[in-house]
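In the two complexes that follow, subunit A is the common piece, with subunit B as its partner first and subunit C second.
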Partner chain A sequence: MSALRLNKNLLKRCKKFKCFSTAVLQEDEYTATPQYPPILDMSPEKVRERRKEEEYEGIKAVKTVEEKQIKLNMPKYYGFKSYMLYEDYIPYNSLPLIQHVTRTHLIKNENLPNFYNDLDVTSALNDVKSDIEEAILIELARHRQTLDLQGDKVEADNRLGFALSKQINRIITTRMSRHLPHLKGAQVDLNSRIKSFWLAGGMSPPENIKRYRRGCSWQKDKENEPTNRVMNYIGSANVSLRTDLPLKHIISSSDAESPDLSVPFFEFDPRTVGTVANQHRHIANVPGFWPGDSREFGFLSYHKRGHLISRHYGDANELKEAVDRQGILASFGWLNAQANFQGFTTFNDVTYPFVTQTVVTNGQVWSFYVYQLNTIVNHSKFFTENAKRNVCWGTPEVKLFEGVENDKLVGFNDEVLKMLLKFYANVPEVKLGVNLKPFLGKEEKFIADYEDGDKREWLEREYKFLVSNRPRAKLEYEIYAWEKIYKIDHQTRFMDQKKRPFEFKIKPSNRRLDERLPRYIPRALRPELPRHKGRYAKEYFP
Partner chain B sequence: MRLSRHLCKQHIGWHLKKLWANQSIKKIEDSQAEKRLLEKGIPVVRAEDVLQESYREQHKFEKVEVVGFKPPPIAFDNTHPNWHDRVLLTYKDNNVLLEGLKQAKILTNTVELTEGLPKSRAIESNKEIERRVKEIILSSHVFDAEQQKLPKLKDPERPAWNFPRVYGITQPRVIKLLLSNLLQLIENTSDLELVKNRFVIDDAHFSYSFEKYGKLMQFELKGDTLLTSKSPLSPVTDQPTKELELPDIFPIEPTITLNEENVYTVRQIYPINIQFAKSHPHTIFIPHVETDVKNIFEEPVTDEQIFGRSLLKTFTVAASYAKEKFGDVKILPKPVTVQCVHTNGHLFHFGVFQLNTLDLEDSGVKNVWYQTNRIPLFESCGYKVGKPVLEGYNREVMHILTSFYNNV
Partner chain C sequence: MSTRWYPIYQRGGPQLRVFLPNFWLKLVRPTHEQPPNIVQFSCSMQMTKYDIRNYLEKIYNIKVVDVRTRIALGPTRRVPAKGYVVKDEDIKYAYVTLPKDEKFVFPDLFPVDNKAKEEEEATIKQSKEGFKQFLEKNKERPNMPGWFSI
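Right after this comes the complex of A and B.
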């Protein structure tokens, strides 16, 4: 019996050997001048850098939004150790850190940027003013009972802010949509879920990484080189409006590279200002909707500010910074998630600016922010090489009214309402000559565009599972304290049987997303196949 | 195979011997505490002595306030400050009546004149609006990014089977998004002068208490979204209702499945100050969250019971408003009309209620109720093999909603 009949794979294997191949005689193989491959720097740093760039290109080449997000998650089966940033938990003095990780230049001014000066809202003001006053009075009267009570003040403030945001948005939209069609088609979300992920570099490494580097002879001299950190923002907008077209940019891309736009450099570990990495999370970029919704550009969002009541540092200046921090993070977080839905990721930078308008309010006190997102790449070598900066224009806190006396509002400030109306009067427009989704496929931009039904279903399920970040049934792997003491630091239990991953030099955290068995198909569901075939369902990892 | 070889692989005996060796060396150390205390003149007492009756008689303990010690919770019995011996029958947001609409009609002294809704002016439909409505349905049922635990799935054929828990958009959120966006769309496309006369209030509470059959009753309900208007809705009919009979559910008592409570406060609440120009109720939007609204027994909620819920909720709004506006009168000087939209996000139930009298035992004048069946907004909406799909959109719902909004 011939060897080929015994093993069918033999022929495939043989093809690999040169001795079985024949020379190809092609004339065009030769050129007049010799063409050499490029000379590559083979130093470890450069090799690593090239490998990284290859990975970035790999992510860029993925066709659909959802697959890109799955691809980002591929390196970690158990999720990334993330520094958690919450909208309503603001540690003391965390504005410089947030500006650093979001690469934001903050411009605080009494007025909005000059772009808004041309918008005339006088007639709209007359149209809505009395109705808004009335709505405020009614809501205040309804909520006064709960405000006066000894109950949870934060909750009461948030409730009032939510009710007033809804009322004011309703009144303005219904009145102004008659002559501003973009408001007519805007999608209004209530309490939308916003999650955002990005990498931030430039900060000095934590102690465990330093210790690791000290232990490697070839890394000793790089002990203090900055490391990247995974940033994970979780927030929610009271009311948010989305449109199908993006807002106009406020400064051009060349201005965004100007060195005048200074960003504070925060060199320490974020844990020094109370931002901790205590969770392993899958990468999730969610701007309040799923890919495929036609209104995918943020227009305006209202945010709560009840949590500021519970701050007890007694530092008025720091309180103002806390609001700015919330405004910057809310805007950046939302825009970054939107940019991810256009096919950009933290490894592939945006090709055009994204703009949004943000309001932080409880109905009485208002802070306005306009944010232009110019770049979302802020890690590794890009931290120093990337010249682009994001810009945030913000106003100080202003009061819409001073109070209520005899069932009438006292000190109603028209200027504040005007600023809000100008936000609504800012018309989104078509970006001429700009491909909004340059890194997505031509035909297939979302998984719903794929022909293969099985693939669509698999990707949809996998994507939703990852971004839900639902808790796993099994407890997370950890090295217990007693193991650290008695097994790692001091080898006192040499007689114990070796069972745990660290005893075999295995790091479970390095398990990749696709290192798992595919779904099993029961025997009864594949009657036409032989017993040993088709056991596992097909998988479509990007 | 020799079993002992594997059993002795880890030699527990070694550890055990080590433990014995360690523990046997241990000695109780003198901490010198007694000596130090005596030096400072602090009396030292044996622990056993403190437990003696004679010692406790000599040393009385003072009551100390312990920080963080919670007082026992208030018991819901006759020691409760709101305890009343007279039973109050209540109907709340999550209750349904056993006999549904029939029972609700008896409780509220209501008759149905004709089937279907009263005639209102037709609203022309628009392709653009229809496209937008479809988008709104998709964005609230499919595209919203909420991922919360959904109710447990159960298969009646194999009740012990545990399905993996599904994460998705919860029903209250679907209803909230759908209604708020549809309302916003109607407001954006309706006549501006009309829109200026309307006002929307969310999460308002209504309460109406009354006596019937010698029993005290109270309907306590949440008006999740209430549309109010500058002028009250005009009455639908002035047809006499004396001849019309209330339904008969004998041998069942009309008050069956109402909650019996002893701890309560009797109150009348209409959430808006009546002095306010736009305080007149126009339309109430009621969410029907299937996991919350339940029978007291385990039967599934029937359509008839949902109709009854619509009627009772609308009655509560109309009656609490009438009480606030006209005071203690029996036959209202002017009937109060309120419309109702009751939905679970998929099926819509519409009703119009005209309150003629607050005397619920009066057989001469009765209240009037009009209603539709439950109308589906679409056939199906969701992901089908990974594709978001909306099938079988029904225009009728949007027609009725728009005409409800435009009714004056």
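Right after this comes the complex of A and C.
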């Protein structure tokens, strides 16, 4: 085996030798004014910060949405250790944590923001009311017939919520689209899959990192410095509507930096309040559609609330907070994924606000939320430096109707229906003078825009594999218990041959995404090339 | 589950007996920083989440919102002079969530008494200052014994 194959650094070292160098043929070495390189702070923190900036710029420079998502995944072959946030599992008292990680200021009010007061929906109300009442009665009757017997209350509530939100949405869109053309063009998704990823900072480090820092002489004084955490949201909307134009912002970007928008500070590890970090996952941002869809801005989404029945903490006030938590997380998760499809990432902040409207309902009990996403960068130094806050306006739970008596709805609340109709009457607008996709290429914004078919196919396969988050076929690396006891904690087997990664100080978890063999091309399919060439397919990692 | 069982009722047997399961809970200082409404206990291995909740609610009348448990692996160590590895018992920890407006501060059980130490330091300081004064007084008179003075 040649020395070069054994040690790849040899070639780099050879370049230092004089005998390998050539004379520089540069005549205009001198300039009229002296040119100096910029003076850089060479302290380790600043060097690391510059390296990070460079990485962020690298991600920003990638042209297409899918390639950006692959680029985010590049550091980890086995995925990132993620703190899992589920829509339908809400641990006790997790609202402060969620507000902290999403940087959200919550405004809880009886009414929606002032902007909605100007929308007049009385004629629309008269138009749809009787139809909606009838639809509710029919669905409730069917519900009683089919689901009451099964006993699973959560499932029953979810099904009723799904059926009712589907029907109510259908009635409103068909009736109102006569006057509001944006509803005609809106895309309606049922049970859309929503996944969102972002980094959150500001929380104190876990014990293992503290122990590591205590052990390093140069990190001892930074023992309690906050660390970033990978947050992963998984949810699903019963019904979601999206349009080709974004909704109007409710507060201006300068108002979003106001210090009055307070956000609770959660200093502890999320695991202390029941948010687990038990999975390694690839970064996946899925807003319920694939990149390149023309209706790429969220308009309205309906969410289930059956899971609230299974909470057994016996604290009525906390239950209200749990709904707020769901509203905030559903809105932020969806908007963050949409922002990723516009070319923004958790490292490159949004340049204009995103707005969505969220409803949490089972058909009878309704909570309304309006969410304005002003920033998605909330980690490292940005946690303290970034002045922007996201804002969520929420209403308390209200009942659309009290119940059913003699096949008629009792106590139908027009105000609740009005609030919902106002959401539909909020017309999306063209954002004048705003480049919606500033960090994407001019010609190529999605991989579908590439001319090269092979490249398109390769990127598509890679992207879909990553967002599917399917486990790898090979078993994950693990240090067995006997190895931990007899090889790491107590060196009782020092005569054994060293074979395992931890004996060579190699961390398989640090394997990069591209550290693997490309796809093998069988000899019969290869072009006429020498035997040792063209064995592996070309790869297009960004 | 307790390893002691409530005796099965036989006809004529006494009713409403006091039954003591062999359970114990020990309040411990939290390993990881916790929010103020979460308390860490180490408990007997047989206890389930329901047992822990009942123990606190029925005996101490504490309102418990949620209980999470984990089993921590006992540490391994080598026996001195023998060389073989032994493992200590595993420990079950319970994280008990109280209502969110409640606050628990781990008590300072053994406050350090600094009084004696402070007194000692004060005496040393005093004698040091006395010696300094003595040197200051005698700096004009080198090699003169200390007792030779007015």
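What we mean here is this: the second predicted complex is superposed on the first by the 504 of 542 C-alpha atoms of A that agree within 3 Å, B and C clash if a C-alpha of one lies under 4 Å from a C-alpha of the other, contacts with A are read in each partner's own complex, and residues count from 1 in each chain.
Everything that follows uses one rule, which is that a contact is a pair of C-beta atoms (placed from the backbone, for glycine too) under 8 Å apart; a residue touches a chain by one contact, two chains touch by 3 or more.
Just so it is clear, the structure is predicted and the values come from calculations on it, not from any experiment.
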- With everything superposed onto subunit A, say whether subunit B and subunit C fit together or clash. fit
- Check whether A:Ile506 is in contact with subunit B, with subunit C, with both or with neither, and answer first, second, both or neither. neither
- Message: If we overlay the two complexes on their shared chain A, which of subunit B and subunit C does A:Val188 touch? Say first, second, both or neither.
- Response: first
- Residue contacts on subunit A - larger count, subunit B or subunit C: B
- Partner chain(s) touched by A:Gly314 [first = subunit B, second = subunit C, both, neither]: second
- Message: With both complexes superposed on chain A, which partner does A:Thr272 reach: first (subunit B), second (subunit C), both or neither?
- Response: second
- Message: Going by the contact rule set out at the top, does A:Ile488 touch subunit B (first), subunit C (second), both, or neither?
- Response: neither
- Touching partner for A:Ser468 - first (subunit B), second (subunit C), both, neither: first
- Query: Which value, in Å, gives the least CA distance between subunit B and subunit C in the superposed three-chain arrangement?
  - Reply: 10
- Query: subunit A residues touched by both subunit B and subunit C?
  - Reply: none
- Parts of subunit A lying in touch with subunit C, wherever the complex brings them together: 91-93, 204, 206-207, 267-269, 271-274, 313-315, 318, 485-486, 489-490, 492
- What does subunit A use to touch subunit B in their complex? 131, 134-135, 138, 141-142, 163, 166-167, 170, 173-175, 177-178, 183-185, 187-190, 192-193, 286-290, 292-295, 447-448, 450, 453, 455-460, 464, 467-468, 470, 495-497
- Item | Touching residues on subunit B, where the partner in the complex is subunit A | 9-11, 14, 132, 135-136, 138-139, 142-147, 167, 176-177, 180-181, 184, 187-189, 192, 195-196, 199-204, 271-273, 276-278, 383, 385-388
- Task: Please give the residue numbers of subunit C that touch subunit A in the complex, ascending.
- Result: 31-35, 37-38, 65-66, 68, 76, 78, 83, 85, 87, 95, 97, 99-100
